[in-house]
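Order as written gives the chain letters A, B, C and D; numbering starts at 1 within each chain.
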Amino acid sequence: MGTLENQIVRITSRLVAPFIQVYGIYVIIHGHLSPGGGFSGGAIFGASLVLVALSFNLEVGAKQISHDTASILESGGALGFVITGLVAIALGANFLANQSAGFPMGQTGQLFSAGAIFIITFFLGIKVASTIVTLFYNIIEGEDKSGDAH
Amino acid sequence: MGLTNHFPALILAILLGISFLSPILFRWVRKASAPALLLSLFLALVMAVYLLIQTTQVGEFSYYMGGWPPPWGIELKINLIRAYMLIVVLAVSLWIMVYALKDLEHELKTDVLGWYYTLYALVVASMAGMALTNDLFNLFVLMEICAISACAIISIKEDRACLEASFKYLILSAMGTGCFLLGVAMVYMVTGHMNYDLVNEYLPVAVEQYPNNMFAASALFIVAFGTKAALFPLHVWLPDAHASAPSPSSAMLSGLVIKIYAFGLFIVFYQIFPRSLLDSIPLNEIILWLSSMGIMFGSIFAMVQVDLKKMLAYSSIGQIGYVFLGIGLDDTIAMTGGFYHLLVHAIMKSMLFMCAGVIIYTTGIRQIKQLGGIGQVLPITMIAFTIGSASMIGIPGTGGLISKWYLALGALEIGRPIFVVIILASSLLNAIYYMPIIVNAFMQQEEFAYEVKAVPRQMLIPLIIGMIAIVFLGVFSRPVIVLLENGLQLFF
Amino acid sequence: MDSVLFISYVPLYVVLVPIITSISLYFFPESQMLVRKAGCFFASLFSLGGVIWLMPYMLEGYVYCYLIEFMQFGLFFKVDIISWVFAFLITLVYFLSVIFSFSYMSFEHNLRRYYSFLIFTLGAILGVVFAGDYFSLFIFFEIMTFSSFVLVIHKQDREAMQAGSLYLYMAIIGGLALLFAILLLYGCTGHLDMVPALEVLGNQRFSILLLFMIGFGIKAGLIPLHIWLPLAHPVAPSPASALLSGIMIKAGAYGILRISLILFRPAGEGSTADWAFIFNSGYILMWIGIITMLAGALMALLQSNTKRILAYSSISQMGYIATGLGVAIFMGLEGAMGFTGSLYHIANHAIFKAGLFSMIGVVYMLTHELDMSRLGGMARKMPLVTLTFLIAALGIAGIPGFNGFASKTLIHDSLLIAHSDLGIYGIFVAERVFVIASALTICYFVKLFHGVFLGQVPEKLDHKYSLSLSANFVMVVFAALVLITGLFPNLLLELLFIPGAQILGFSDSSLQPLFGFGFFEWYPLRKMLVVILLALLIYMPASARGWFDWTPPPWLSIQKVVFKPLPQLILSFFFRGFNINDMAMGQFYEHTDNDNNKREDYLGELEIFPDSAHDEAGQSAYYTSGKGLNRDRQLKQHFRSFFWWDQDQWTIKNLNFDNLLLVFVLGVILFIVFSYGS
Amino acid sequence: MLIKIAHNYYYMVAILLFIIGMHTMLTHSNLIKKVIAMNIMDTAVFLLFVAVGYTYGGAAPIVTAPANEVLYVNPLPGSLMLTGIVVAVSITAYALSLIVKIYRFYGTVDYDEICLIRSQE
């Protein structure tokens, strides 16, 4: 359906989406430096993907990130979090330990600082973004099936 | 030194890890997913047993997440009672999972099995976390995780009853956790801490300064835990949720999930609240009377049920009352009984739900009146049912008697024989609704009228284990009782 | 008497061997009857042998056996001579019943279950009498109840199921009463040993005694707790009836004996125990016994079913035992005669009642007929049965030369002594009632004997009967036991019962007359003659005018008057409450399944209910509450219009209601907390 | 009394929000509105928490600022509430997905209508 409103929405969202994504990534990787972090950034990033899928259709959305990929990423993000915690144990400190486990702390205020926090935030970002996408797909697909059921 | 120091965190890490891993495993290496879940539950159980042994040797000890001590970091604390809870949770969930593997194939679609394992591991992980954590806010988060995943293992079976029941459960438990969070906010406002021990340290002063605040908080806590644990008038969600869920979920929910909240209330009452608060306002009285009403009404409601699983669910309302009675009686002996009942009921109610699951699996029957003569065709299942019911009634030789004995003794100890009467009356009511089922199942003259599938061995073995466990708990109760008595001394 | 302690595991083996045998026999396939019979035979023989082996130790002291860590309190066996008497009776009667089962049960179904539970019950009953503390006693008592339940409902027809469910519920109530009593006792004393403890019980002694009496009285069949007995004993297979009537009810008597003569006794010398309390409890027990005796005998006279006569006769004979015990209690340390009398009667009753049930069982086995009106003339067909039955009946009637005579004489004498010592008129009345009840006993046995063995043989039953050797053996042994005991009454008295009385601390002056008691002197014989004459006086006119066929009106039945309405009332109260509760609280217990979502959910529930109510009490409760249904419906409408909400929407899934409930509870708790706090 | 209340106005706002949420929960039959009400209730508690942690004139507790700043806002409630929000979001998402499925069965998300449909079956 190529109505005008549709076109406006599509073009705008196509224009805006990359910026949103970049901003999301920014928020994620600056989680230890400024307000924000894995959850906020992930939510922003995930919203951009949802935006694309909403303004176009499911196939286009799926080209960006498919349902399966999203759910695998979701598990992977959470697993990464747990593994980071376990790495600390392997390094001889407590679970989820940071400096005491010997993660490099870097210079305060720099991007690569705060040791494991950075990694954890990153994994969290992946997890949250993919969760939002998965939720979206789940609900949308449920709607689709309901059309058949009625 | 070494890996064993990290066991408290490793238990959680392993359970969370497997819960995130299992959808991936299920997608790529389908055969490995179920054994991996069992293996990790088993590993966690081994660690929990190790923790228990360690506590008996060195006493209470803490684990700081990330190496941060309490005011800043999250603290996991292990003492005898917590280790006991942990073992109960892990052992019973491992046992249920063995049964579930077969039953779920029948009750669920294949493609959601991986997600079921995820949710199951999440429920177990959150319960283990609730047993271990020493931080109010963590407790809140874990309660929410537990609530969502518990709802999800109901609604994963997509029929209407399950969906509605789990929606209702979700809303009510969200209200419950809302109340809990409000209570936590009030405690935080006056103490500035979340850690149990620190809160406990600062509360006596705070109670004197802001009594109203703490009164409100205590009421909120009771309602929050009461809703979650199905304390009597707040139990409304339970029968639907537990009856409509797939049988392993019912076993899990009735056996463990409601218990962990009772444990939470125990922690709040006896570890967080100062004695002066409990003495000045009748919190224990409220718990006592609510639980007594639950014991009586749960049994009475169960009597008129026609659906087997629904009857079991109502019976759970009565039985959770015993645990709360133990908490409310405020006496070491009674509390020992309550905690013992927690274990015994976890096993027997799970086993009864498994029996119901076997009956549904093999015959498709849910109505009680259709069960006449079923003992001839499903002997082991019905013997398991008999032993479970006997334990519910409190027949000697089963664990139910021991817990009732201790509860009643505790009630006498503090001079409240009325609760003994309630316990015994409820035993009678239990007999009235369990006995006819057993008698009809075994002694009816007519043949069983329905078609019966063969029972898979995988479903029978857990039942046999359960029978042995109940009889064992009834006969050799001493070690557990001693453990509980030692563990409860910390709180008095 | 110096009592020596022996530590031996024989009591444990004696209890465990039958139990283990029974469990292992259950796993044998149905077809291997020989193994099963042999297993039962040898298990009961082993128990008998073990009990006999214990005898020399018994005469010198106690045997202890302690299993620590078992069931929380440890399993504790302590066998003294009183326990031993019971155990010996149990194993002896069991041994004979097992042999009798071989021939009797060969035409029955479900033998695997029968033999397993038969022999299991043996272990449980032995556990009851060997138990050295109240907790062990309670455990075995309950196990005994549940395993004997299976024997009661063996036939599985409607009658058996009804009797069984009544038995089960009564027994569970009894068990809970026992548990409560034991809990209270433990709360008072801090231990559960069987030692005198009247002083420490304080204010709770009355409730403890009452609860114990309810718990044991249900098993013992004392009026008014006897209602299950005449239903349950006749429906069981005859060997099992023999055990139920001969042995099982003695467990109740054993409990009463242990409670009243050991627990409710002052501890040691110079204690300030409340003898008035002891006297009152004994006096009441005696009267319960007297009433039980008379009412049981009267009810037995009015029955026409042979096994039911025997069941009522059991109730009546339990009355004798209770009377003897009551006298022993209220006479304090002077009550040795009453005690020995009732212990003697327990032994005698076990033998002749088990024998009588076996003989009636033989008749039933051969003719498949229990009703006296359709039997008759069996004396010609089964001479041996007739002879043995006659001996056993003479025993129970208390004719000199048979065993019942000795024990009844002792109990009667104890009443006379009590009257002459205390001079209470009530005891005199009791003694007269005793005589009348004894006469009635003779009457109903004459009636029973006449109905079954004399008269014309009905045409249907007029053929030749042959009987297996084992059944003959069992009957002959029972008759021989009756005769031996009856002819040498002092033998057992001096060997077992007097030492038993010595354990309980009865004074020497009261024990003295029992040595060399002159049973066959003119004085006791004269009493018996009076009884026989009285019996003839009653029987002649009554049988001629057909008084024995009178059916008592329903309002005389305790079951109809008290025991049925009571649960009905309670249940219907709950259902009614349930109903109102339902209206007010939004039907929250209702079903969510598709097929149960009718608007009038509660009505639907009630209509389904009769099928799911498995016993009469439940069903009648349903009907009682059903009567009020219309009124309730109107009430419901009223309630609906009362709230400003539209009540129609308040169904199970109504979250509004649930949330409101939550808020309401929160509000109530807040209110309570604040009202107390400030 | 009134002045006390006025000083603690944020508590009052939080309680007001909580009551609004509860009222919506109780009176509205639309399931989605119920979920929204749940969120309002949660938000009330979050507000309360954050208000508890706030210090008048305090700055954001970021280490990059020069060290002469003395007053910091307590960061703990804020970060805890972030977790709380995550939890609330996940519950909302789950509740909404359940509502979608309930809609599939009944064709409506209104509670009264669901009851009506069920009573007519």
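To be clear about the criterion, contacts are C-beta pairs under 8 Å (C-beta built on N, C-alpha and C of every residue); 3 or more make two chains touch, one makes a residue touch a chain.
As the structure is a computational prediction, the values presented were derived from the model and not from experiment.
With contact taken as defined at the outset, chain A and chain D are each touched by B.
Chain closest to the overall centre, judged by the mean of its C-alpha atoms against the mean of all protein C-alpha atoms: B. With centres taken as mean Cα positions, chain D sits 65 Å from chain C. A straight line joining the Cα centres of chain B and chain C is 40 Å long. Computed from the mean C-alpha positions, the centre of chain B lies at a distance of 29 Å from the centre of chain D. Remark: chain A and chain C have CA centroids separated by 74 Å (rounded to whole angstrom). Within chain D, residues 25, 34, 101 each touch two or more of the remaining chains.
Multi-chain contact residues of chain C (touching two or more other chains): 594, 653, 655, 659. Each of the following residues of chain B touches two or more other chains: 160, 164, 171, 175. All chain pairs in contact, by the document's touch criterion: A-B, A-D, B-C, B-D, C-D. Of all residues in chain C, only 594, 597-599, 648-649, 651, 653-656, 659-660, 663 touch chain D in the complex they form. Contact residues on chain D toward chain A in their complex (touch as defined above): 60, 62-64, 82, 85-86, 93, 96-97, 100-101, 103-104, 107. Interface residues of chain B facing chain D in the complex, by the touch rule stated above, are 137, 140-141, 144-145, 147-148, 151-152, 155, 158, 160, 163-164, 166-167, 170-171, 174-175, 178, 181-182, 185, 188-189, 194. Interface residues of chain B, counted against chain C in their complex, comprise 160-161, 164-165, 168, 171-172, 175-176, 179, 211-212, 215-216, 218-220, 222-223, 226-227, 233-234, 236-237, 239-240, 244, 280-283, 286, 300-301, 304, 306-307, 310, 314, 368-369, 390, 393-397, 402, 405, 408-409, 412-413, 417, 420-421, 424, 427-428, 431-432, 435-436, 439-440, 443-445, 474-478, 481. Across the interface of their complex, chain B is touched by residues 69-72, 138-139, 142-143, 146, 150, 153, 156-157, 161, 164-165, 168-169, 172-173, 176, 179-180, 183-184, 186-187, 574-575, 578, 588-589, 591-594, 605, 608-609, 611-612, 614-615, 618, 652-653, 655, 657-659, 661-662, 665-666, 669-670, 672-674, 676-678 of chain C.
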